[in-house]
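In the part that follows, the structures are each spelled out as structure tokens.
Two complexes are shown next, each including chain A; its partner changes from chain B in the first to chain C in the second.
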Partner chain A sequence: MMPEPTGVIHDIGYRHYEGARLGRGNAFMALALHSLRGAFGFGRTARAKIMPLLLVTIMLLPAVVSIAVMALVKQPAMRYHEYAVIMQAVLAIFLAAQAPYLVAPDLRFRVLPLYLSRPVGVLDYLGAKLAAMSVAMFLVLALPLTLLFAGELLVDLPGPPKTGEYFASMGGAVILAVLLASLGLALASFTPRRGLGVASVIAFYLFTSAVTAVFFGVLMSMGEDAAAKWSMMVSPFFLVDSVQVALFGTDPSNGEGYPPGLWSCVILLAVIAVALSGLVLRYRKAASS
Partner chain B sequence: MTASGITCIATEGLTKRFPRVTALEDLTVTAGAGVTGLVGANGAGKSTLIKILLGLLPATSGRARVLDMDAATQGAEIRRVVGYMPEHDCLPPDVSATEFVVHMAQMSGLPRTAARERAADTLRHVGLDEERYRPIGGYSTGMRQKVKLAQALVHDPRLVFLDEPTNGLDPRGRDEMLALIRRIGGEFGISVLVTSHLLGELERVCDHVVVIDAGRLLRSSSIGEFTQATQAIAVEVEDGLQSLADRLTGVGEAVAVQGRTLTVQVPAEADPGRAYDAVRDAVCDLNLNLVRLEQRRGHIEDVFKEPAA
Partner chain C sequence: MNAVVADITYRAMLGRKRIWLLALLPAALIGMAALLRLIGGPDEHTAVTLMQTFSIGTMLPLLGLIAGTGVIAPEIEDGTIMHLLAKPISRPVIALTKFAVAASLVAVFGALSTFVAAFLLIRDESGVAYGFTLGALVGGVAYAAVFMLVGVLTRHAVTVGVIYALVWEGLVGGYVPGARSLSIQQWAQSIADRISSSAFLTSNVSLGFAVPAMIIVTVGALVWAGQRLRSLSLTGDE
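The block that comes next holds the complex of A and B.
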């Protein structure tokens, strides 16, 4: 037989797909995993890997230094429960860098209709994105906490290991991750431009930090200690710290303590609910256009 | 309906009103297996119909069924077995076609290894070769359309909705795309609903054509009926167009004069050769200078002049 004049093999007959067709749960997991990998730069360009790698490294530094200190002077250095509050700027930058990556391109390049024309619904899509962002935030914080704990066990300080404090901080890390992911995705979803999304998350962090600092300082100087403690609830990081104090009995990381009772938990749930409602409304609108 | 008799799409009194416009009005239409063309001008309601059929947009009234499933209540089941290629751009620029199509296959429920195989196969079928490993951002319009088509086919759907797949393509890209659509409906055995505002390009690949205008059904018939009914001969001469018209009318031809063009209608059952002979004889007898003599097939403008079948 004569060979085809063009060297391209086009005409291999079409084969139907007879294999498994998994359910929505599987698509959900695949999307969440895909997004989670992307949040750390996996499966993306080399440039996209720099930022997550750098931030994770910075997050680990205090743990490494603490372990070294523990090994040398046999005394605990960094405490578990204050890790998130001390490193809050790094966590905020990680959120600002990755939340827009998870949601903005699908809006800007109109990929969302392709998801929605499949078994994936709006809530599946958002649930997967939220899960991915939450797990990413959790890992960024849990990794140094766990390293610190492993170091404490290895160094074998005098007295029992602070297992309870470690687990309390891990619980706090879960709560912080969910809160930050909800806020970050909600803020980022309102603009299809990634740069603007990054800016709005950073601006939100700076604004809440500034408000907290100013009100706390002014109210304390006026002797209004109770009101000053309430003003700490404006910052997501101190809000979660106060929840950690209320639920797990850790020491407050702000030096002054928080309003008594479970009010911080109520505020936390309300903030998450508002953020998620905003997110869902935003996507309901995007889906119907 | 085609000979096979399977109904892929059926609507009944389908109406969709937006706050300011009525996009679809009392549309009752059926489409069978094979390639169905959905033709209409801009704003005729083509994309709206597709979104209703996908179960993504609720109808104001009326019913729509896709592969014997109700679009209003069984949207999720429908979306599992159909594919959709939107009219707008929908591709992220910073991933490769392979990665993107694999991901979309997984979103349709394929396990990862199967998704990889299907993506490679599908991209080959649509004619994307080496380029498929490069980021989509650097692709030409033709290549982007192929990726959009591939993501609609990757999960081996039973039916695909292709919304203006030839949009923005040059003549060669358009021919390639149309040939591919023909293969999808034939060799691949996947039914196709394809939209366009040009009947002329769809008549080459469709088994059945539905024409809508301002949300209303203008016509729905098999492609054979379409082109036969609208077959005509266009004639232009230097001078004496009116005398030619009179002469042809005299020998029993149905003619119409539009500007400088004279159109001779050829009845569906008649032999077009006879009409050509009559034109030739008349031009010779009257000693006219012939400028143009060509066969005209159904164009959308002709369809609009005829009542709905």
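The block that comes next holds the complex of A and C.
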């Protein structure tokens, strides 16, 4: 005969959650916001804040100098549409430093299943990370552009303000942010180590710029101008600049112009598609392991 | 030098994905040389441009960065360096061994591919191939030493190294002529210029400055890294 059960359930004060369940959309927003804050070092250690804030400051420097020049000699110094191309090294370093932070720790410590046990799916997770990285890249570029525009309005140069050029460059900034974020996350997600991720993103940037420089120089000296202009499409920054030229009619920032037509937009979409499918394939595999 | 440490480091460097980063860039260099030969522009000017912008200007700093930080930074990052430091091997010897591994990798992948690419383009015309090979070899060794030191000094070694290579040598060196005399890239070019008689190659730094500077930087970085390893603290961040 079984003895009488003697167990007692003590009430030690654990509570059920009785608030509203916020669901998938809120989880997405929370993850995106957390990643965006992390990209600028907020919510991380003091040392993690140094690099992003330093890079943002460097990005702002030409705008500040340019406003000073405008105020002193009443002439426009830095143009809006060439800001991204001139500051491309800083943008690339920001991407290389922050994209691995967004994806590498979750892969390295294998916490992806914890996310996926919630209403967040693989695509939600990737979408949130991609949105965070894109918004971060956009802010890094849009902040100096907007500062420059505000400066131009305040200094009140002779002639109408270049509002059209400013908005065209902001459009270009959105495109550049999405392209860089997809490329950066795709490259960074292939390794769980942050150092290696930084190295692969920066290697990609240096490689594409060097290929562009070599082929552009050689083809121009051979007199093959059309082919030389096509070789500019290898660099992400010049690719976006050519899209900006094609869509918004700004001046080309490479001094030579780009191949005519909307081919640059096709190439842009193809590159983004390849990067995103690489990213999705990588995470399908990571989620199942 | 310690053979066991060297063996383990080689296996760590070549057994992981890092070998792809090490092998891809040299392969791209040779591929570009072949492509340039195909489209019919294999003159001396093309070869010097390719060597300057791609080989010395892009591939060498990246290889130095990957190899230099790769031999030691991951071990410090995940704390397994403790097992190595607890062994009765002097710390400067560990630093020297790790450096030797990094330098040999940069020499094989960097200098060899530079020679193959230059030879593919213009054979041994005016010594361009030999000059850049020696430049890449010496420059790669200096990069390996400096980036290994950075890897010992900070957790963000790769980012710091990238900023040196990209901002200092690329951006600042492009506008401020004085910054060029403190750049490993320019020292490597001086050596290439000394051996090659090509008219398209001019160096910004005199050889009398470049060679001593290269030796001081390499040896100094090695000694500093060895000293630093003696008092390495492993407090984690993030």
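Going forward, the second predicted complex is superposed on the first by the 277 of 289 C-alpha atoms of A that agree within 3 Å, B and C clash if a C-alpha of one lies under 4 Å from a C-alpha of the other, contacts with A are read in each partner's own complex, and residues count from 1 in each chain.
Convention: a residue touches a chain if its C-beta (ideal position, glycine included) is under 8 Å from a C-beta of that chain, and two chains touch if they have at least 3 such contacts.
Note that this is a predicted model, so its numbers are computed, not measured.
Contact with chain B, but none with chain C, is seen for A:S117 once the two complexes are overlaid on the shared chain. Within the superposed three-chain model, A:M51 lies in touch with chain C and out of touch with chain B [touch as defined at top].
Legend: residue contacts after superposition of the two complexes on their common chain; A:K285 is shown touching neither chain B nor chain C. With the contact threshold set out at the top, residues 44-45, 105 of chain A are in contact with chain B in one structure and with chain C in the other. For chain C in complex with chain A, the residues that touch the partner chain are 17-18, 21, 24-25, 28, 32, 36, 39-41, 45-46, 49-50, 53-54, 57-59, 61-62, 65-66, 69, 73-74, 77, 156-159, 162-163, 166-167, 170-171, 237-238. Put simply, chain A touches chain B in their complex at residues 8-10, 12-17, 19-24, 26-27, 30-31, 34, 43-45, 105-106, 109-111, 113-121, 287-288.
Listing the residues of chain B that touch chain A in their complex gives 54, 56-57, 76, 79-80, 82-84, 86, 88-94, 99, 103-104, 106-112, 114, 118, 121, 124-125, 127, 129, 151, 155-156, 183, 187-189.
The residues of chain A lying in touch with chain C in their complex are 44-45, 47-48, 51, 89-90, 92-93, 96-97, 105, 190-191, 193, 195-196, 198-200, 202-203, 206-207, 209-211, 213-215, 217-219, 221-222.
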